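Down below are the structures I want you to see.
Two complexes come next, and they have one chain in common, chain A, joined by chain B in the first and chain C in the second.
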Partner chain A sequence: MSAETRRATRRLAGSPSQVIDRSRPLTFTWQGRPYTAYEGDTIASALAAAGVETFSRSFKYHRRRGLLCVSGDCPNCLVRAGDEPNVRACRTRVEAGMDVRAQNAWPSLDTDVMSLTQLASRFLPPGFYYKTFTRPRALWPFYEGVLRRAAGLGAVDPDAAPARFDHKVYEHADVLVAGGGPAGMRAALAAAGAGARVLLLEEQDALGGHLRYSGGDVNGQPAHEAARALAAEVRAHPNVTVMLDTLVIGAYDHGWFGAVQGKRLLKVRATAAVVAAGAHEQPLVFANNDLPGIMLASGVARLLHLWGVLPGRRAVVVSANPRGLQLARDLLQAGCAVTVAEMRATPEAALVEALRAGRVELLTGATVLQASGSKRVESVTLTLPGGETRVIPCDLLVLATGYLPANGLLNHAGAKPVWNAALNEFVPAGLRAGMFAAGEINGTHALAPIEREGTLAGLQAARFAGYGGDATENEIARLSAEVAAAQAQRAPWTPAQTLAPEQKKDFVCFCEDVTQADVRMTIEEGYDSMELLKRYSTISMGPCQGKMCNMAAMRLCAHHNRLSIGETGTTTARPPTRPVSLGVLGGRLLEPVRYTPLHDWHRAHGAILMNAGQWQRPEHYGDPLAEVRAVRAAVGLIDVSTLGKLLLEGSQVPDLLERIYTNRWRRLARGRVRYGLMVNEEGVVMDDGVTARLDDDRYYLTATTGGAGAVYEWIEWWLQSGWQLDARVVDVTELYAAMNLAGPYAREVLAAVASDLDLRDETFPYLGVRRGTVAGAPATLMRIGFTGELSYEIHVPAGYGLHVWQALMDAGAQYGIRPFGVEAQRILRLEKGHIIVGQDTDGLTNPFEAGMAWVVKTDKLDFLGRRALLMSDEQGHSKRLVGFTITGGALPEEGNQIVRPGAGPTGLEIIGRITSVRYSPTLDRVIGLCWLPVEMAMPGRTFTVRARGELLSGEVVATPFYDPEEVRLRG
Partner chain B sequence: MAALPFVSPFSTGSDGAASTGVASAVRLDDLTAGLALLHLQGRGALDVLAEVFGDSPRTPGAVSERGAVLLAALRPDIAAVFVPAAESEAVAARLAAAAASRVTLLDVSHGRGIIALSGPHAAAVLSRLCGLDFREPALPNQHAAQTSLAKVRALIVRAGEGAAARYLLAVNRSHGAYVWAALAGAMEEFLEGR
Partner chain C sequence: MILLACPNCGPRNASEFRYGGEARPRPDLNAVSPEEWSDYVYMRANLLGVLREWWYHRAGCGLWFIAERHTKTHEVTATYVWTGEHV
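For the complex of A and B:
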């Protein structure tokens, strides 16, 4: 078959309602064979036009499935397009060169081996795998492998290029209108007319809703033209923003709505919302109701009017409302032979007359008993009044058999639908304040009442958002009365009975192949409520999410429990209303990264970078042990710009410091620096750092890299809410580049670039702070020493950081200066026994246990955490952080457990853990910090470490490991 | 001091481009080197502005222009002043004299990156990275907001409308290169085919 013949098979002549451009043909492939389409075609319309009838295989029995809804609701047309699985063919525009393939079939769509499972269907009831594969337990891995291969829809190709998803977009509106059919458009116009900013989101690629494809006339004008006229009016309104191809998928608290537009997630904030999402047309349940060629009326109407595709030549239309009869008329006009099985006793006279004029056989009071056919529907058996049956040959069975309101968004927001026995539909109730419903979602299906409800909802939403005045209120009152009167007069468009007697292969759920018998057996097993029925049978848990099956399941559940549908109730609706790919939810990756002012230098000089929170820091420059040796023997330079830095100003800063730190601050002299330890109200170690007194009322506080933000917020919170001190805190972390120059030659190197500073011990001693210039840049220098060597922490304006760093490196060249990274710093500080807050401490550590009682002054008036520390000290402590070394030199890992013989399956009891451990090149042995029971925390005590399955011997050692007299540090 | 080489945060890890995009759609310009940012904090911060400039915005988010200087009230006790770099020392001196010891005055230019995002699609680009409503009347012209932009803290000042829509974005220096890349990425769809 050539591509040309495939294209021509079922395409009708052009008409004004169609959306295809016949002057722009394109070629794509289906199952590897070329097909021709027109621009504007979907994958489904193009394939249907070419006579393709089987689009997929069903999930469980691998039965043939063809187009059913053509609206994106059902699972029947899920295909693979390019690399993307589970693409809805009916909602996806076909593109030139697109490679479209069926999924869930092997070896081919036409001959699927797994379809043999339907021969054994009596042995495969719901939950069979729960019961069948439980024994023997040893075989579960085998069963699991088989089940996993058989289950699932589509497959992700791990070798495919990653899809590129769009940025999430925030949208804001006074009134959100979900749905661009006649009700939504009227709502948008009414709300916009009252002055509200309206955002109208429509799932289809054009406004108009069912008017675009329903045929017939509206006030003497073709329906599609009426839709276009109304759409033009909406688009022309300056207060209305229209977004097409956009489905609202969820309603959340505080006026948030989620919506999907292609590969983009929209996050919409709206003061009020009108949900005019329409209704899902419902199939009937009868034997073989899943055969290709059995379609919902709205699906046939879409193919016919939007894409000019006639899906059959001999149609049986089962109708329960005027749209079915109208479609029968349209099919007749398109050249199709039509028989109508009208479920109602008294259908609309005008439509009946028109059909009879076309010699259409119309059987009133009829319904479907079963369909027959092998690869597609070939005949249908109707039940006629009185119980007589009649078989009618056909290649298309059309079901215009009622509606389920698309009320998911309302229900997400807390609405509780109630059963309207007069309409045979659920209608919304208990809507959240600010949410309004209009149109078919209310069970209203005739056009004039739909539009009236839309106008009313639009005005109500605008009023809720603060627009309109007395005139709007009056109009709302008038329309409310009219709507109420009209709703009381509505005739049902959904039949009271949609289930044929239980037979084989009469599917309630097309996604999961659940039949009437399956539902009955599930209820008989005790899963007799809708929520249990859903979970056990998996009905409504497939791609359609209940849109095709929920109503039938409720009818069956009610029937078998001898309850009304209202008493049976519905399942809980949760977002999203339709499956959404995780890539859309994730959007474009936004992962903040922070760079220090010296970042480019580090990269240019071979730094191996590591993540420190959001920061990128040099871990080392190739040889961390050499970096340690350089600091001990010569001089090194490390980028510490990531340190938190706060400027404190005001006459009461000393009071502030006394309260946030555990030690004393009132007597800190100008030009001096002091170490401080911060604990929270529970006495748990929060952070540590140094604070320098720059001037009488001016202090400079540094915090850890990881704690910077929390410390700023902590101080600001207490200043604003608790203490009302004359103290101001400004986060200046970003303002300064900071670097630590450390090592025996640090003074010489610094002196070469800081000529206005007197660096002698007498004038700039340990724990001093000075202001001066370094390489011409204004600088604050603190003589402190995390590394244990003579060192200067130099803070300069960030924009000059690179210049100062380079000047220091140049000046240090003659002394063998090396840049050093975080790894060398960790070793250097460990040799000095300094803790790292967050690594050596955790969310329960108090300073006494961490061996830092020396910095806790409980005898001062008060500080945050003092009371808790006093109490914990009274109660005693059970563990201590101590230094240790490993006998034999093996290197355990941080986090390794410290154990002793005990009960339990391993015969070991965990009594502690290692928090820091490194090989020290200075001491030529393994050193570390660990938590031990307090009775073991004394130098000389040995203990056992479990490391990578081995047991190592450790010994408690007093800290600091290096230079305990601090000779090198103080000079 | 001015002779020292100043490194813009937006040049980190990049080729140092100071602008991207096109004015007819959306454009991004690095203003960091030419625009200083002064920070005032303390209960009299807005009074200091009024004393020096004759008037001051009073409500948080309000912005007023004094020639080439933009004054922004961020909190009842915090204000920001955008001032051309060439004038910053003189302006800072006047502010310092008025501030005395009651208000902290800091030139935070080295700690921030300042970008101008301009063009008819500027608000649409921001809506891809920020949850604020950038349309009238939520964020009118001459208003500022401290918010999250691409998941990091930012000060956004609207300084233009219509075809001349322009937003000043001040972000932490360390996030500068990241924010630049995020904005450039969000601009792509408005520049395709140009």
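For the complex of A and C:
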């Protein structure tokens, strides 16, 4: 049989409610074979039209599963489309060339060997994993591998190209309406009419809700036409924005909502919200209720009216409300043989009459006992009033058997649903202020009351958001009374009983293959509350998240505990309302990358770049050791523009500095620079840097590249929250390019391009700051030396940075100048024994332990952390940061442990660690910094380093390693 | 995501702000016992109810201000510039 003839078997003639364009056929593949669809088809509708009945294999027993809800709720039609696993076939438009495959079946969907597990089902009770695979414990990794292959949903293909997700979008509205059915549309129109800006989000690709596929007439007009007319009115309203294919997935604090539109995450802030999310139709529980061909009425109605697909030729419709009877009529009209099992004693007379006129057999008071069939449903056994049973052959069993309100969003916002015993449904209660519910979510299923509730909720939401006046208030009062009166008289559309007597293979939960017996055994084992029942049996924990099973589980839990359903209660719904791809939540990477003004020069000169926080910095330009030698023997230039730069102004800046730094600042003279160390109130080292006094009331502070933001916020906090100081701080980090010219020839190179600076040591000494002109640019120069050589840190306006850098490089050419990067700087500073905050220190390091007591003046009246440091000094210190060298030439790694013989599986006790280590080309040996117990922290003491695969011998060395007399620095 | 009304800029998403912790007085460090000082540095009230707390408008005007927020409901009853009474 060709694909064409297969397709022809189940597709009906065109009708105005359909959404497919028969003039635009397309071809896709299912399980590697070609199928034809029309534009507008979903994967599911196209396959159903072609006669496909088995879409997946179930989670535990690998039973055949076919279309059930056709609404995106149930797990049955999850497939793989291209690279993407777990695609809901019923909610995904089919595309030309799409490669669609079944999941969780091996070797094929039709012959799945794992289905043999159902023969052993009595050995697979709830809690089976917990009980069986725990002993011996050592075998768990093996068990886990086997179980993961056997169970699970689709697999992620690690070789697939990364999916592209969209940027997140932010929307604002006075009133958010979740759901574009008749209630949501009426709410949107009412709120917009009162003047509110309305955002209407609808999950489907058209407005209209159930009217699009319900069949029947509305005031003499076909329902789908009424839906289109109302939708046109909504779209024409200037205050309403409609977004389709958009599902609201969560309600959060202060009117914040999350929604997913395709591969885009939407974040909405709305003053008020109307939740008109509808209801999930519920299946009955009976033996073999999972056979392909057993479908919810709303699913059949969608296939029939939207895509013109008739999924069977001989239908039994089980009906508990007028929608079942309406669908029976529509099936009959489409050429299907129909038998109706009406669960109610007194169905709607007009519908009954119409069915009887079509010679439909209608059995009132009937319910389903079991279904039979091998690959699909072949017959159904009904229980009739009086207890007799009757078997009816069929290839389609339709369940119009009640509703579960889609109240997830309300519950996210704190609502607690209450059981309404007249409706046999939970109805919303305890809604958050500004949140309103309308329509089927309230247990209201007839059209006129749905629309009235929508209008009321829309007006209430607009009023909450500050729109409308007395007239609106009066209208709200009038409608509230009408709604209350109508709600009191509602007939139940959900039957009181949905469970047949317990049998084999009567599934409560389709996602996890949990039967009535499983639920009973779980309760018998003591897991008798809904929350425990859920966790132990895994019911409601699969892809449907309880939408198909929660109600039945509650009924069973109530039954076995001999409680009412109201007393049993429900589980807590949490976002998202539907499974969402993590990629959607992640969106696109928006981490900014920061470049210095000299970035292009670095790239053009062979720099190997590295990340330093958000910044990109040159790690080196090809040969870091040569860069070190150039600085020691001649001259080098490094880009330090990433330093944090703060301008401090005010008469009390010295007081500020006294409090944020551990050392003294009051007597810092104009034109001088001082090193400062910052600790927090716990006495832990936060940051370090230098501060220069530029003028009487003007200071320039530099912070580390990584600490710049935190230091700025820290200073702002103390200035704004406690200290009444005449001091102001401005972050000027990005306004200035900064470079450090270092080496014995630094003075000569700078002199060649500086026009108004006297660089002699007497006039510009070590730790001096001067303003001057460098290569024509206004500059601030500080004579400081992280590298240990004569050096000038030159700050110029960012726009001059490249020019000044180039001028220095040109002037230095005759002296052998080299640009140097972060790596050379790390070696140079290590040779001088300078720490890097955050590398040599951690979140517990105090300055005494770090060997920086010289910069802590606890006799100052107050500074942040003083009290903590005094206390820690009293208590004594147990560890110390010291310099070391390694005997022999081996180079350990940063992070390597320092050990000594001791107890434990390795026979070694960890007593310290290496924080910095490098080969020093200047000293021709390995040098580093490490933490050691205080009693070992003395020069000459040896210790053992556990390096990768070997033990090395280290020796404590006094720092600085290089030029301890600082002759070169001050030269 | 909660909304916070910055006293300068008006209501903004919480993601624009940095949380600064409970607002509480800094003791006179020359007068307190080591235990009181440890309490100040390490211990927090962690109360269920309306908490006065610091927030910093990092992606905005740079103001550190006080918000009174209910720690369970997230209802923010007031935000204001600190005037000197508790630090």
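Methods note: the second predicted complex is superposed on the first by the 954 of 971 C-alpha atoms of A that agree within 3 Å, B and C clash if a C-alpha of one lies under 4 Å from a C-alpha of the other, contacts with A are read in each partner's own complex, and residues count from 1 in each chain.
Assume contacts are C-beta pairs under 8 Å (C-beta built on N, C-alpha and C of every residue); 3 or more make two chains touch, one makes a residue touch a chain.
Keep in mind it's a predicted model, so treat the numbers as computed, not measured.
Trainee: I want to verify the contact counts: of chain B and chain C, which reaches more residues of chain A?
Mentor: B
Trainee: A:R269 contacts which: chain B (first), chain C (second), both, neither?
Mentor: both
Trainee: In the superposed arrangement, does A:E734 touch chain B (first), chain C (second), both or neither?
Mentor: first
Trainee: After lining up the shared chain so the two structures overlap, which partner does A:Q724 touch, if you call chain B first and chain C second: first, second, both or neither?
Mentor: second
Trainee: So, A:H560: does it touch chain B (first), chain C (second), both, or neither?
Mentor: neither
Trainee: Taking the superposition as given, does A:A868 touch the first partner, chain B, the second, chain C, both, or neither?
Mentor: Only chain C is touched by A:A868; chain B is not.
Trainee: Share the list of chain A residues that count as touching for chain B in one structure and for chain C in the other.
Mentor: Overlap of chain B and chain C footprints on chain A: residues 267, 269.
Trainee: Where on chain A does chain B make contact in their complex?
Mentor: It is residues 166-172, 197, 267, 269, 588, 590-597, 599-600, 603, 614-615, 641, 647, 649, 651, 697, 728, 730, 732-736, 776-778, 797-803 of chain A that touch chain B.
Trainee: In their shared complex, at which residues does chain B touch chain A?
Mentor: Within the complex, chain B contacts chain A at residues 1, 3-9, 11-13, 39, 41-42, 101, 104, 106, 108-112, 127-133, 135, 138, 150-152, 172-178, 182, 185-186, 189.
Trainee: If you look only at chain A, which of its residues touch chain C in the complex?
Mentor: Its residues touching chain C are 252-256, 267, 269, 681-682, 713, 716-717, 720-722, 724, 862, 866-868, 871.
Trainee: Help me check something: in the complex, which residues belonging to chain C touch chain A?
Mentor: Per the touch definition, chain C meets chain A at residues 1-3, 13, 18, 20, 26, 29, 32, 34, 37, 40-42, 54, 56, 58, 62-64, 74, 82, 84, 87.
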